[in-house]
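Please find one structure pasted underneath; my questions will follow.
We just call them A, B and C in the order they show up, numbering each chain from 1.
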Amino acid sequence: MEPVLEVSGLRVEYRGDGRTVVGADDVSFSIGPGEIFGLAGESGCGKSTIANAVMRLLKPPAEITAGSIRFQGGDVLALGERELRAFRWRQIAMVFQSAMNSLNPVLTIGEQIVDIFTTHEKLKKRVAREKAGELLELVGMDPGRLKAYPHQLSGGMRQRVVIAMAVALRPRLLIMDEPTTALDVVVQQEIMAQIRDLQRELGFSILFITHDMSLMVELSDRMGVMYGGRIVELADAKDLFAKPLHPYTEALMNAFPPLTGPRRELTGLFDAPRTADSCGFHVRCPEDRSDCSMNIPDLREVAPGRWVARSTARSPEGASR
Amino acid sequence: MRLILRNLGFYLLAFWASITLNFVLPRFMPGDPVSRMFAQAQGSMQPDQIAQLRKLFGLDDRPLWEQYVSYVKSVFTGDLGISISRFPTPVSEVIGSQIGWTLLLGGVALVIAAVAGNLLGIVAAWRRGGVLDSAFPPLLIFVGSFPYFWLAMGALYLFGVSLGWFPLRHAYDVGLTPGFNGEFLADVATHLVLPALTIVLVSIGGWMLGMRNTMIATAAEDYITMAEAKGLRPSRIMFRYAARNALLPSVTNFGMALGFVVGGALLTEVVFAYPGIGYQLLMAVQGLDYPLMQGIFLTLTAAVLFANFLVDLVYVRLDPRVRVR
Amino acid sequence: MTAIEIATATTPTVPARPARRRGLLRQLIDSKKAFTGLVVLVLFALLALLAPVLAPGDPSLINSTGSQAPSAAHWLGTTAKGQDVLALTLWGARSSLFVGFTVGLAATGVAIVVGLASAYFGRILDDALTLVTNVFLLLPGLPLLIILAAFLPPGTSTVILVLVVTGWAGSARVLRAQAKSIRGKDFVAAAVVTGERPLRIMFREILPNMASVVMTTLLGCVIFGIGAQAGLEFLGLGDSSVVSWGTNLYWAGNDGALMTGTWWAFVPSGLCIALVAFALALVNYAVDEITNPRLRNRRTRRERRG
C-alpha cells in the first residue's frame, strides 16, 4: 500500500552567525494509511524540526538542505505558495504543543474554527459556524463555547478545541507535537482516549511526537527514536519497547520510572550539540564505552522492519546485550 | 470594568496633583515671580481685578488651607482667573477660543502618524530584511532626532518661504471669514499641511519602530505558526492574527504618546504662529501671564487625561482578557 | 551605603551572575551602528572642549555686518546681529552637551533609585512609587516644563532641575520592570537569605545585571535632555545670555531668520542637535539589538524547494 507520508534523507540546518547547527540529518521514515507513527527523543533532538519541515513551516535561519518529503506520492517541497496553503490543514493538520499558545488570545475559538472553513471550503460564515459547533460536539464540548475566548477555557478544553480544529477538514495525516505535555495526568489520559476514538472514527494517520516513551508505546503502531537530529532506531512499537537495540533507546526508556516493579536508579541523559564541521557525538552508551565511533552510524535493517543505527563492527546480539 | 474604574481614579488623582502643583508653585517659589508680573501689569488693571489676582496667587492673608479649598473650587467651576497678556479676557475664554485649533492640528497629526506608522511597522516586520525594514527605521530615527520646532522651521523655510507652496503663518487667510464653506475649509487645510507634516515626520518613526518590534515578537508566537499551518492567507495572518495582537501595546502607547504630541504641537504652533494654545502659551511666557500659563497647563493635562480614558475604553474592547475582569 | 559602593556598582565591570558571552562594550565597538554613533559623539565632545581654541573670544561678540552668507571669513555666515555662526555653534555645544549629559545622568540616577527601591521592597513602597511615576508620565511634559521653568528663577541650573524633574519617570518605569524580574531570580533570594544588606543587594546583585537597560535609559534621557533644553530655550524660558544651540535657535527665530532667508542662522544648531541625538539613538539601537537578538536584521533566505 502506498504510504501517506514518505520522508527520505531529510536534512535541516540552522544557520546562525558564522556557525551551522544541524537540526535533522538523513532522516527517513514513512507512515502508512491509518497508521500511528511515533517519534520519540529528548528536547532539542529534532522531533519538532521534522514536524515543521513536513508542514513546510520552517522559517529562516532553518533551512531544508537535502532530502525529500512526499505526501501521497506528491513532492511537498515543490509546492508553490498557493498550493502549499491549500495543502496545509486539508491534507496534513497539526496539534501544537501548548494549546494556550497556539490559540489566538484575542479571537473567540469560534472565529478561529470558522477561519478554517471560510478559507478552505469557501463556506458562508453562518454555515461555517454550524460546522464549527458540530466539531465541538465531536470532541465532547458544548457548541455554546464557540463564543468563548481561549483564556476562558481550561487547559484540557483548549487542547480539545485544538484537536477539533485539526480534524475539521478530515485530513489524511495529523501531526501531534507533544499534544499532552502541558496537561496533568488525568486530562492527559482523557485527551489520549479522545485522539484514539477520533482516529478510529475518521481513519487518519498520525505522526505522534513526544518524549514520553510510555505514552508513545501505548498509542503508536511503529516508532522511531531520535537523537541528535538522527533516527537511531526504527521499529514496531511493541518490539522496540520489549527489546531496545540501541543504547540511547534504552537510556530514554530508563529516564521514565516504571510505575510498577522494583525501584531503579534513573539514568540521566547528557547533551552535546552537533555542528556540521565537528561531530558533537552521537550515541551515549551507559554500559559499554569501549567502542565509541565518532559519528552516529546509518540505520541498518537488522530484522524485517527493524532498523537500528549501529556500526557494522558489532553484531546485533552484542549491542542488545 | 475594574480596570476602567481603577484608571479613572488614577486620572483624577493625576489631575488633583496638577491642580495642587499649580496652587503650590506661585506660593512657594523663590524670587517672587508674581510680584514681577504685577509690576508689569500695574498700569492696565483695575484695583479690584488686582485684588482678585492676588487672591488667585495667595497674596492675601487667608490661611493656606482656605486658599487651597477655594482654589480647587474655582478650578472646577472653570474660573481660571484673568489673562494679563489678553487683558481683561478671562483665561477660560482665551483658552476656549483657541483650543479648537490645537485639537485640529494635534488630532490630525496624531491620527496620521499613528495609523501610517503602525501600518509601516506591520509591513516592515512582515517583510523582514526588505527595503522598508532595513532603510526606513534608521531614516526615521534620523528625522526623529531633529527637534520638532527645528523641523518646523526647516519646513517653513523650504516649502513656505523659498518655494512658496504653502502659507507661512496662521490657520487661515486674514481676509476670509470663518464658516463652513468650501473656500474656507480648503484654506484651513492648506494652512494645516506644514505644521501637521512636521509633527507627523517627527513622531512616525517611534510608532513604526514600536510596532515593528512588537510584531517581530508576536510573529514568533505559536498561534502565528498555527495560523500558517491552517493555510490562511498571509494578509489574514498578518492583520487578524499578528497585527491584532501587536496592536495592544501600541494602543497603550497611544495614551503615553499624547503628552509628547501635545508638546510637539505647542512648539510647532509657535513656529507657524498657528493660533492654538501653544502659540498662546508663548505669548503668556513672554508677557509673564502666569494665570494663562497655569490655565493652559491645566487644560492640556485634563485633555491628555481624558484622552487616556478614551484609550482605556478602546483597549478594553480590543483585549478580551481584560474585558471579563 | 557609601558613595564608593554606588560608584563600583554602576560600573559594568562587576561580573554579572548569569555569564554573558562577550562584554557589552566589546560588542558595541564591533557593531557598525554603535561605532558610528560613538565616533560622532566623541567628535562633538572634542569640538565642545576645544571651542575656546577653535573660536577664541566671546562668541556672542558682534564683529561683522549682519546676515552675511557663509564665506571664507565666516564659514557659516553671520547672524542678523553680526555674530559669527560657527563660533556660536561651537560654543553652543558646550552648554547643550553639558546640560544634556547632566540631565541624563541625574534623571537616570533618580530612576535607578526609584526603580530598584520599588522592585526590591515591593508592596506599599512599590505601589506608592509606581503611582508617583505614572502621574509624572501622564502629565504632558512640555506644559509642565514650561510652568515649572516660568516660576523658577531663570538660569542653567533651573533648566537642569526642571528637566530632571520631568524626565526621570519613563526610565524609572522601565528600570522597575527589569529590576522586578531580576528580583525574582534565585541568586537574589540567596543573597537575601544569607543576610546581605538591602542596599548591597540592590546595587551589587541586581543593578549589574541590568547594565544594558540602564544604558539604554541613560541614552534616552540624554536625548530627552538635549531636545527639551533646546525646546525650553527656543520658547525663551532658558537663560538667553548663555550661548547654547537652543538659544541660538531662539535668537534666529526672534531675528526673523526664516523670513529674511538667512538659513545659515538656524540650520547649524538644529543639525548639531539632530546629529547628537541621532548618534545617541544609534548606540541605543545597537544596545537593543545586542541584548535582543531577535531584532537583529538577518539576510532573508528562501526555503529551498525540492
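Points to keep in mind about this one:
Criterion: a residue touches a chain if its C-beta (ideal position, glycine included) is under 8 Å from a C-beta of that chain, and two chains touch if they have at least 3 such contacts.
These numbers come from a predicted model, not from an experiment.
Between the chains B-C lie more C-beta contact pairs than between any other two chains.
Taking each chain's centre as the mean of its CA atoms, A is the chain most distant from subunit C. Distance between subunit A and subunit C, defined via averaged C-alpha coordinates, is recorded as 51 Å. Work out the mean CA point of subunit B and of subunit C, and you get 23 Å between them.
Looking at subunit C, one finds that residues 298, 300 touch two or more other chains. Of all residues in subunit B, those touching subunit A in their complex are 221-223, 225-233, 236, 240-241, 244-245, 248, 318-321, 324. The touching residues of subunit A, when paired with subunit B in their complex, are 52, 55, 57, 84-90, 93-94, 96-98, 101-108, 115-116, 119-120, 149, 151-152, 165.
Of all residues in subunit B, those touching subunit C in their complex are 10-11, 13-14, 17-18, 21-22, 25-26, 29-31, 33, 128-130, 133-134, 137-138, 141-142, 144-150, 153-154, 156-157, 161-162, 168, 213, 216-217, 220, 255-256, 258-260, 262-264, 266-267, 270-271, 281-282, 285-286, 288, 290, 293-294, 296-297, 300-301, 304-305, 308.
Those residues of subunit C lying in contact with subunit B across their complex are 33, 131, 134-135, 137-144, 146-148, 150-153, 223, 227, 230-231, 234-237, 249, 252-253, 258-259, 261, 263, 266-267, 269-270, 273-275, 277-278, 281-282, 285, 294-295, 297-300.
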